[in-house]
Every structure is written in C-alpha cells, then in structure tokens.
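Sending over a structure as structure tokens; questions will come in a sec.
Chain nomenclature is as follows: A, B and C, assigned in order of appearance, with residue numbering initiated at 1 for each chain independently.
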Amino acid sequence: MEKSKNTNYIRYIITLIVLITLFVILILLNIKLGSVDVSVKDIIDILFHGSGNETNYNILWKVRLPRMMASIILGGALALSGFLLQTFFNNPIAGPYVLGISSGSKMMVALVMIAVLSRYHYVNSAALIIAAFAGAMLSMGFVLIISRKVNSVSMLIVCGVMIGYICSAITDIMITFADDANIVNLHNWSLGSFSGTSWKNVGVMASVVLPTSLIVFLMSKPIGAYQLGENYAKNMGINIKLFRIMLVLLSSFLCACVTAFAGPISFVGIAVPHLVKSFLKTSKPLIVTPICFLGGSVFCLGCDLIARTLFAPVELSVSTVSSIFGVPIVIYIMLKKRVH
Amino acid sequence: MNKEYFFYTKKLTVGYNGKPLIKDIEVNLKKGQILTLIGPNGSGKSTILKSITKHLKSICGTIYIDSESIESMSNKDMAQKVSVMLTDKLKTELMTCKDVVETGRYPYTGMLGILSEEDNLQVRNAMELVNAWELRDRDFTEISDGQRQRILLARAICQEPEIIVLDEPTSFLDIHYELELLSILRTLAEERNITVIMSLHELDMAQKVSDLVMCVKGEYITHLGTPEEIFQKELISQLYDLSNGNYNPLFGSFEMERPKGKPKVFVIAGGGTGIAEYRILQKKGIPFATGILHKNDIDYQLAQDLASEVFFEKSFDPISEAVFQNALDRMNSCNIVINCLKTYGEINMKNKTLYREAVSQGKKILESADML
Amino acid sequence: MIKKRYMLTAMVIIIISLLSGCSQDMDKNEKFLGNQLHTEGSMELKYAKNFSVDYYKEGYALISISDGSRYLIVPEGKDIPTNLDKSITILRQPINNIYLVATSAMCLFDALDSLDTISLSGTKAEDWYIENAKAAMKAGDIIYAGKYNIPDYEMIMSNNCKLAIESTMINHTPEVKDKLEELGIPVLTDQSSYESHPLGRTEWIKLYGLLTGKESEAKQLFDEQASYIDQLASQEKTDKTVAFFYISSSGNAIARKSGDYVTRMIELAGGNYIFDHLGNSESATSTVTLEMEEFYATAKDADFIIYNSTIDGELSSVEELIGKNSLLKDFKAVQNDNVWCTSKNMFQETTQFGLMISDIHRMLTNDDKDLAKLNFMYKLSATDGEK
C-alpha cells in the first residue's frame, strides 16, 4: 500500500512542478515578448524599481501585465468550469459551453448592440460586459428551471443544447433585421480576445473567479462522491437537488465571467481537464481542481502569447489558437477511450 | 412499543409520482436479520428498496430505523445507518478499486474528504473481508463483474452501516461469486449484527440465506414469513404464475413443463435411476407414465413434475397388488417401455414382474429414451 | 429729443441682450476652461454641423464634437489652464504620430499634405486607394497598427502617439477607446459620416487643418469645392430622377436613405433621388436594404441609374448589371441607356465632393450621346468596349 501511495504522490508532485515551471516560463515570456522590444534590464527596472523608460513602463504595466493576468484568471476559470461539467454529466466531451451559455451571452450582447447603438451611437464597455454576463445567467436560469422537472442528468445536456439553439435563432433574427453597421462587431466579439484588458477588469474578474474557484475546491468531497453516480452520492448523504444547482451555478458563473470579459473561448474547458487527469492519473477532485486551474492558466498564457505575437500587429483570435491545440488533444482522448 | 425490532415499517405505501404501487407494507426486522424480497419482474421490489434508502419518497406510511422515522433523519444520519449496493452501471474515470471503496467513508471524513488512519483501516478491513484487497490498485473499470460486485460490497461495508440494502446483488455473478457474496452477507449479519435487506431472483439462494422472505406481487405484499413458510409449491407457483413449469420446494428447483397428452412411454424406475430418462423424454416432448416408485424415492419427486401419471407405493412398503394392477393397465396402453432398473429389492420386486409382462406382451423395450 | 433718447435706450438694451445672448454661449465653454480663457471667435462653418471650434488668445482653441467630446488645443510651449473641466481632453501641439483609423480622414490629410503627421494606420497598405498613403506605408513612414477593434497597443505607445483619430466603428468596441485613453492617448472620433450635406463632410478638412497647423490651406481647398456648389445653385433644378444603389450578394438592393449625403449630392446636382422617404431618419445607418421587387416597384421609373460599385467591384457592362437580377432589364434607365457606375474610389475622395456633384450635374444635363466618362463615374454600355 505504501508503494502505490508514494508513486501517486510522486506523480502529483512532478505534474505540479512541471506546471509551475511552465507557468513561470510563460509569465516571463509574456512579459518580455510583444510588438515592442523591451530589454531585460528595463523590465527589471520597471517591475522592481518603478523606474525606467516611461513608454515601456506603460507598455508593461498597462498593456502586457493586465492582459497576462486575464489569461491566468480566465484560463483557470474555463478549465475548472469544464472539469465540473464533465464530472457532472459524466461526459468527456462536455465543456463550459454545453449549457448554452455562449449563445445566451451572444444574444444579449447583440441585443444591447442593436438597441443602444442605433439610438445613441455609443455604448459603454461596461454595458457590453454586463450584457454578456446577464445573457449567460439567463441561459443558466432556463437550464436550472428545466432541471427541476427532469430527473435524468443527461437530459440537461439536451436542454443546454436546445437553449443554445434558441438563443442562436433569436440572435439570427435580430441580425436579419438590424442594420449591418450595428452588428458588424458581433462576429468579432464571438471570436474571443484578451486584448485591451485593464486592471479594473482584472479586479472584477479576480473578485468573481477566485472565490468561486475556492468554493469549488472546498466542494471536492461531494464532487468526488458524485463520481460514482447520483444514486450512490445520495446514499452517502449528499443533497442531490442542491448539489445539482450548485454545480450548474458555479460552472456557469466561471464561464459567464470569461465570456463577459473575453468573449467565448473554445476548447480550453474541454481539453485541459483531460490533459490534467491523464498526467495525474486520477480524477480525485481534491487534487484535480487546483491542478486544473493551473493547467488552464498555463494553456491560456501560451495560447494568448501565440495569438498576439505570431503575426503582430495582426492578432489571431485566441479561440483559434486554443482550438488548434485543443482539437488534437480531444481527438487523442476519444481514440484512447475507444480502445477501451 | 416496537423496541425489540430494529427496522420496521408502518402502513408503508410506495410508488412513483404519487401513484401507489404497493400498499400497506408492514415488516419488522431485528438486528442482524436478513430479509429477502422475491417476486416477478417489475413487481416493485426495487421500488420498495429505493423507498427504504430514501432514493424515492414513500407515498404514505413510515419507515423506522431504531425507533426513529427515516423522514426525520438527516442525509448524514441516513448515510451512517444505511448503505447500499445498486444495479447501476458505474462509469468511473481513473478510479482505483480502493478509491471506490474509500467513498464509503464519506459520512465520517472531514470537510475535504481526507481519510484518517481509522478510515484507512476500515477500508482495508472491508476489502479483506470480501477478498478484494489485492485489487486495490487496479482500475475499477478493468476488473470483472464479479470482482466489481465485491468492491461495491466492500464500499457498502466500510460505510459502517447498521443496514445494508442490496438490489439484486448477484445478477451478474457466476455461482462461485454468488456463493461467496451471500456467505459474506451471512457473516456480516451473524458477526456484526448488520441487518440486510435485499432482492434476489435466485430462489434457491433466497431460501438458503434468508431469515425472512417477502413476496412482492400486485398491490400488496402477498406473503411475509420464514423461508420454510414461503417456499411452498403452491405459493411459489402462484407468485411467479407458473403455468409453464413446476417448483419443487424440497430442492428449491424448477422444472420445465411436463409433456402433454396421453402417455406413450412407460418408464420402470426407482432409486434415482429414472431421472435421466425423465429428462430426456421431457426434452423430446414425449408424455410418459412411470412406476412403480416409492414416495421416499428421488425419482418420485421428479416424476411428480414431469410424468403424466405416476404409480407409487407408500414409503417402505412393498408394492401392493392394487397399485401393481393399475400400473400394469397403464403399461399395456403404452407402446414403448423403458426399464431403468438393473437390480431389484424386496420392496420393489413387483417391478420385475412388470418388466417380464412387458417383454411377454411384445412391447418395444428400450435401453434409453435416447433412442427414440 | 425724447425720441432720440428712447432710441438710444432701446439700442443699448438690444445690444446688451444680444451681447449677453452671445456671451451665454461663450460663457458655457469658458466655464469648462476654468474661466481662464475668453472666447475671441469661432470657426466659420458653412455646412458642417458635427463639430465647432472656438478660438482663444495665443492660439488656444477648443474643439467641440457632436458626440459630446471636447478638445483643447494648447499651443507649443504654452501652459495648460488650471481648473479645466475633467471632460476636456488636452491636445498639445505639435500634434504628430497620429494613429489614423478613420479612412475618410486620410484623404483630407493627403490634400493638406500632412501625411507626415501620421505614423500609424488602422488599414493595411494594400487596402488604401490613396497613392500617397500607400507609398508612405510601403516606405515605412506609416506602419500598420492592427485593426480598429484589436489595435497593437504596444506599437502605438512606443511610437509616441499623440492622437488617435477613430471612425464611428469605435463605438462598437468601446473598450478599445477606454484602453487607448487609459494609456494616455487622446481619442477623437471622426463624425463626418453623420454630416447630411456632402460638403459638410469635406468641411472637416478645416478641423484637421487646425490640428496640423494648416488652417489656411484647408480653407482654400474647401472654398474651391464650395464654389462648384455655388455655381450649380444658380442653375435650375431638373426633373430627372436618379436611383443610387447596388445589389448585395444575397440578392437585395441596397439603396441610400433619403436625406443622406449621397442623395443630397444628387439633389445639389439638380437631380431628384427616386425615393422620397426611404429609411428611418432616426437610425444611424445610411443604407436601406430592399427586396428586389419592392425596389423595382419604385426605382424602375428612375431616369438614371448610378450603380454603387465601391462595395462589390466595378461593373463592365450592362449585361453584368442585368446578370445580378433580371428585373433590372425593365428599368427605364436601362432601356434608355442611362446607366452609370461609380469608379471604385469615389467615396474615399472626400475633398472632391464638389467636383463629384458637378459630375452628377453633367450626367443629368448632358446632351452628348458620346459622353461616357466623367471624373468619378463612367457610363455602362451594352457590351464592353464597343462604344
């Protein structure tokens, strides 16, 4: 017994070390790399002594660092959200958007763009963020209401997909009747980007994502019990109805936050939990949850770095990059499961 | 009032969506007793079990555990009193067998679910009890069905319950594992005073392992009693609607339908020699008569279920003339005779006569029904 | 005697009330400037309604844009007035290293020969029609700094950008504006697309002239275009009707809203836009999408067609036009051989609107059957190259 426990611990620690190393490397790269060349000496001056070239100072503190923080926080949020939903639905292809959240967000953003822009010619950036978040919560709300009437958990996925379709349909109707000029940016919004993040944004993100993630970690025990299925979980004393609601709420909150600030970002939520679990060779929430968050941060740090530096000044959508890396991972996992 | 009983129900009615399926269930169990539910498919056994484990809300009536109604018990209390083993197919991911068993300690671990020394000990004990300790590091999805049931049982055990509820725990098991599992349950009941409530399809096992048996059919519990009371031919036949077979309570076995029609073959047997022939004839669908047997003969038991007509004498008595004559008449109407006896004793000497009669009448004599 | 006194008092009262009326307006702006500066005059604007400029001593000037933003031009070396209202953005001269996103402004900068004040562009080199802009980008004097909705902030900052001139598209991505301002880069949103008079758009050259210190050149260029209009003002309005549209990829007709600057150009040229009250005057957009049949019902009677080729590409023949939708065959303008097409760069040449209007006038009043090419339009013939 001792031997196997030790191998497990060793595996966990190695994974943690690798992830932390990647984390640090990517942070350093994200600070150093960009369209403008900033020397290492300058970086040190700026970060630790508060001095240095003023333009570079601003570039670092106002452009690169807040964006990097957004990648870290939102990447972690996506990965956690994906892990929660994959456990809940016992479905390896479930992701943060399976409950129709991105469609709900897009619908509300389109609505605000059309309603406000056509009348006032200008819309507040905070309004778009709130709209996206509200749209996500709306989708989530519908799913929760339907989940009360429905006993089987797999029906929830169907609900989520259906809600997604309805929201998309409504959005399409709005687009048809709207003037092109008002919704031309809707497509751009749907691509997802960390560009232009400010420290104010970071503050709001952190205040939503970090407490929520902590709650998820503290719920490791019921999540673990849930892995045997709802009936066994109930026998172990878990209040199933409450747990379902909590899970939907938590994962939706995390995902809504990401969508509100950065638009929909695909595949992080699906691919990262699988990657993490395959390295840790366990699905125990107590271990997986924090590592998943870290993994999501690392993944997004990498994807965003590539998105903004590969073809500078043209910026790829971070969703594009995450899909390019995420899809092979998901395919590999599917194949591995089929062999089973 | 019901202090002596550990588990009991009062006017319990169960069902789904407010529609009652089984009404007025009254059962009393002492600690360490095993109650088995038997009955046809879909009769409501699972419904009752689910109501006991609070997976399903009972429609009316109360279930009491240790004088406390389960309605008033919190989820945690229930978790520490009742553990289950269900028919659910588990789709676990990257969980070792030990991980699965460890979940049984859930009601006892702290907030983050980290196991203490005591918890680990319980897990190990439970796994050793079911002989599954060596499987502890194997992936739960990679073991056989029999091993999986054992792991789930270990999980139920390490939950330190006072009652274990099992829904058809032996469904996927071959006889080896079935025996093993049931004997573990008996051990648990005897040594740890754990009350066991389960449903079984295998009546022979139910007969052997239970203290109490409940028959579930229709709107009410048809019977509740000891195995001796329940496992009767009539009762079982009625319970399972056996128009197409017969139940033998002595062996707890079932026989398929007897061949219909006027006997074509007469089988002279006794002392267990006829069993093989009866089976062959039944398989071939050939109605037959047999005799002359004694009531304490094994052949008699089987002949009752398979033969169209049985000629028999009281136990230990030599065959009487009357019986002999009847048998002879019947044999005369048959075209084929099979003689299973090689030797004859004092009390069945008349069978020799019967045989000679057959030969002299020119009946077709066969060694075995195989040749038909 | 008494009469004289009454008249004097009346005059004094009138003058005082006039002055106070004037000063009330000036007072408002002066309040924003902390009452440190006193208005000395305003920019003379003939057609533009979406911006105004007040002049103060020593070269200070306050620009007010119709979206509510205000910019104080502070001459080089001069101090910033204290107690400035927070809503005022300071623009210190010299204003250079401009990040230009509003494509319509590039033409104006080019006409002013002020391309050297621009160092960053929101449009790639190959997408500019203005040759000088293209050349400047190719030479590296102007660098591409990313699309308007995801600009390369680092590049913009490291180029010491003093001002970002955005188009109204920035309203859809307010977070970009916020970010630029957070980084200390003032943003001015060009509202010329909201001008209903075509020369109102051209008049924005005066604003950019002010920013680049070329006010007199700007006035001269504008007056030249205005003179075309003045010439036409004396002419009689014809009764000819014009349809201005293009056929979209989904098969609909995209026409201009009545009252938009293109239809105004047609009116100023002496023509009549075929649609009387098309479109919602409240809405921000200038085009209206019509299903072909609906469009056909009204537009088939137009005397002239000007096909808007700036979107999908220039047409080479009438057949190509009819190929987009066969209903076009029955249009009066097609049957009478009065179909014209805009050259692709028509709308980028903001400084030539006067000439464009004159073009349209010539098309409307032309007698010469052989006239097939104007400055900004050409006639579509039955088969290409035959005429």
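Criterion: a residue touches a chain if its C-beta (ideal position, glycine included) is under 8 Å from a C-beta of that chain, and two chains touch if they have at least 3 such contacts.
Here the structure is a predicted model, which means the values were calculated and not measured.
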item	value
Touch-based graph of the chains, sorted into line, ring, star, complete or other	line
Closest chain to the centre of mass proxy, which here is the mean CA position	A
For subunit A paired with subunit C, centre-to-centre distance based on mean C-alpha positions, whole Å	42
Intercentroid distance (Cα basis), subunit C paired with subunit B, Å	92
Distance from the mean Cα position of subunit B to that of subunit A, given in whole angstrom	54
Touching residues (chain side subunit C, partner subunit A) in the complex	67, 143-147, 149-155, 157-158, 160, 168-169, 171-179, 182-184, 282-285, 287
Subunit B contact footprint on subunit A (complex, rising order)	1, 4, 90, 218, 220-221, 224-225, 227-229, 231-232, 234-239, 277, 281-284, 286, 340
Subunit B - residues contacting subunit A, complex	53-55, 74-76, 78-80, 82-84, 86, 88, 90-95, 99-100, 103-104, 106-107, 109, 111-114, 124, 136-137, 141, 159
Touching residues on subunit A, where the partner in the complex is subunit C	34-36, 55-56, 58-59, 62-64, 113, 117-119, 121-125, 128, 179-182, 184-185, 188, 193, 195-196, 198, 312-315
